[in-house]
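After this come two complexes, each holding chain A, first together with chain B and then together with chain C.
This part shows the complex of A and B:
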């Protein structure tokens, strides 16, 4: 697998856009909001990818590091060589997902939760996040008021002029079956669905490895999900 | 006295006396080239757009690497040009060079016309406009100044104060401002700013021994024979601190001090620092009049916008239009000593050209 990493990275056009040649100046790290909070250094990521060192790249793909980036693209605005570390990260993430390296890190494993939530929401509802599925007990970040909003959803959304789950126009309206079908086809054609499958595939292997097995001898993804939530 | 000269050379010398060379730009490059040619017996006109000759050196306080006086350099060159009989024309900015029947016609925006058999373009360089690097706050924050401002202030007041009138306790010197930066369109190195920064850092320490001075650099490019020893001195005797990381942005705080964001790349860690004064080491760009000088003849810019030589190794001073030569920083960034050497070599190229100029009875 290792000998292929460089060509895998290079086959993504975003790398061409994101990395011409890094002069190791550190401007990106200085501007990066993620670097301020995490052990995270976009400059050294650019340098590692530039070096082509397969071993170091493999380590990156299996690390938490590549998941710290907030994809804000501030780095693009400042780089004196017109690189964009944010795009380099996007490519590393994709290769990590495609090769299964992501299950080796805590942050990487969260990909599974994201696919199961945001990923599936898009296909089922046409929204990344939809109020009807934001169970208060799973979303403490919404604050205590969320429980009340959740229970009185119809009135609350109507009072702010939204058209929750309704037909016709308006915020939070129901997305028609025809449109959902179209979204589904887009995900299929563009490889999005395949991508979901790949993440699920490697996550199942990891679940088995961690001993989350059901009575049929298959991966128990319920337990794996609980495990991931506790890992956070 | 001509006993030792072969006939051919006597003939040449006579012929050269009727040749006229126009030098555009009365900085040190133009002054040196003009005086060398005039001493060889040619008629030379030196055209300067400012009220006096000397170019940028008129603004500098001390020269690296020996802290000598730029005023003395200019004074000596002035004496040389006068003694050699150079015709100096000030207040005249040449905007056109045209070639007609092998001769050149130079003109300005008014109706000044100068005719010449050969031309030396010594139009120098333009200082990078630091307001273009908005994130550094030049022109927005009063305690962000440039290396040029530093020289001017030192020359005028002999001291360095913040805008509030206090002595700075911490100063940051920022390398590569407007150079090595694709975002401003200049990917080349301006070559003299690293050593300028070190010189200025030492001067600050000599003036204000309590003041901490930090240089934010990417690479220290100290190519001159005396430059590295100045770097050593800066560290050893003057306790200047060198941080390997390029400035990302400066923000003004309520007390008018500045917060800097960079990465200490040797530590691999983002760095925040507050300083009282920031000095931006601004780079050297092609002179503003270069594009109009290139029009109407076959002179061309190189990839950085300076004048293109026909061959960068063997004929650095020879322009892409026959009969037009270049001297000094019109070709690329260089220091004073290199500029003067370069100007002398330009003068030699002009002599060789006029001697062999077939159109004018040469051979």
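This part shows the complex of A and C:
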């Protein structure tokens, strides 16, 4: 039996924090909102990872299953053994992306969309979310009040005392070039940028495999993005 | 029996610093309810006479990226180390955190550093190489709701309004929704733990209202990080919120109180979306049930203006029914006014249904 995946999983301290000894009781599944909504069972994930079965772990890494968890951590509270299946999931998702397994599942492939959205917001603005990119047409659930805020952004934020894109402190202030620079260098030094690049690298391979190629023979990531947005 | 109960309760009483806070803002709250953060600072500084520092240099903690699995744990740790470095540089030791996702992340990182000192050393080295900075661990890390809870009685003493129906004299019925990462990851870091959370009910009761329990009180709002972030996956989010609305409906709450910026936004917006889908609301007639965060509710009872101070016009579900029940004096004409008090224009409609349809 190979031990590559096991050692990748175990090199993450969060596995030690998240899994001590699972007794297969299923309490985590009983409390889990994702288990209620999807064909999903955190108990069996804890058991599979605990078993160390490389083949089963490899199957998990390529499956939609690991992407169903909503990261609420309700399982942490109730597990009688103080395990945290949600944290085990975080480690599985990391290894799935590092090894490229994520592009084999529909839910996994969506990571590319998240890098392009939240990932870029963090680097460009210093915020995970920024009002200027929360376009009402992409967020119909935000309703007419958000549309009003969006269309009158400068006036509305100023009227409630926020400091949208302004210098100095306050809500939605502009994060200065110096501070964004520090954030960038942290991403570079701590592996954050490399992780983004890894997700993009495997996504490009998948795009080519699916036939999204531009006139230069390179992956057409615009078309791939559209494909991911439609994929159900 | 009484002693036993007292001992158990003391296990769930976290230490909350008394003064001198370094404020760490929330991406989501700044986007959707920016005035809630402003009023939190005002309440601390003006009403409670506390010192809290708002440093423009801090950034996102990257928590949403972390839980959506695009930001590695090592990066999260280093960004958090930078926030702690800024705090130490300004001479502060107590964090006041606005966001529940951040609160969970800070606690996760601190717990990891305690259990695995090598991780802390690595974060320190990454930070040094990237920025030349050193950092210190905070002495106290509290969520802004912990701080409001701690001073709830002082707020009650200064309050201009009570959470009581002005006509009937009955306490208003308020349900709470606690953000999962406030108490579920580290129950000992919360007031009351994850099963019997007291942090919001303590405020409701101190300010004259009735805190109403409901079966799905502890259920997640359904954010689910990647589930809301990807348009195709949002049905997960709305289904979970719906489960909560169904569960609270029979109790006919006058308001929903939240401590998490994300939950606050979802509980507000999903009521509107569900009404559009299902043609019904889960309370509050055609408007829905007003949703407020702990800062917003504290601001209301203290008599701050609902629009220019609290920014409640940024909610989809109208708060006016609640204001009227309490008897809050407000100017309806100022709801959609700009900086100079001049009318901007207004949303197509507010609440859950378009009255013109």
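Operating definition for what follows: the second predicted complex is superposed on the first by the 226 of 232 C-alpha atoms of A that agree within 3 Å, B and C clash if a C-alpha of one lies under 4 Å from a C-alpha of the other, contacts with A are read in each partner's own complex, and residues count from 1 in each chain.
Going forward, contacts are C-beta pairs under 8 Å (C-beta built on N, C-alpha and C of every residue); 3 or more make two chains touch, one makes a residue touch a chain.
Being a predicted model, the structure only gives us computed values, none of them experimental.
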Chain B and chain C placed together on chain A: clash or fit? fit
Quick one: classify A:179 as touching chain B (first), chain C (second), both or neither. second
Check your understanding: For A:43, is the partner it touches chain B (first), chain C (second), both, or none of the two (neither)?
Key -> first
In degrees, rounded to a multiple of 10, the angle chain B-chain A-chain C between CA centres equals 70
| task | Return first, second, both or neither, reflecting whether A:82 touches chain B, chain C, both chains, or no partner chain. | result | first
Winner on chain A touched-residue count between chain B and chain C: chain C
Using the superposition on chain A described above, determine whether A:155 touches chain B (first), chain C (second), both, or neither. second
Exercise. Go through the superposed model and pick first if A:35 touches only chain B, second if only chain C, both, or neither.
Key: first
- request: Considering only touches as defined above, state whether A:21 meets chain B (first), chain C (second), both or neither.
  value: neither
For chain B against chain C after superposition, the smallest C-alpha distance in Å amounts to 6
Chain A residues contacting chain B in one complex and chain C in the other none
As the complex stands, chain B meets chain A at residues 135, 176, 180-183, 218, 244-249, 261-265, 268-271
Per the touch rule above, chain C residues touching chain A in the complex are 25, 27-31, 34-35, 37-38, 54-60, 62-65, 67-75, 77-79, 82, 104, 111-112, 115-116, 119, 123, 126-127, 129-131, 133, 180-181, 183-185, 187, 194-195, 218-220, 222-227, 229-234, 236, 238-240, 269-270, 272-273, 307-311, 313-316, 336-339, 344-350
Within the complex, chain C is touched by chain A residues 12-14, 16-17, 33-34, 37-38, 67, 70-74, 76-77, 84, 90, 93-94, 97, 107, 110-111, 113-115, 117-119, 122, 126-131, 134, 138, 140-149, 152, 155-162, 167-173, 175-176, 178-180, 182-183, 185-192, 195-196, 199, 229, 231-232
Within the complex, chain B is touched by chain A residues 23-32, 35-36, 41, 43-44, 78-82
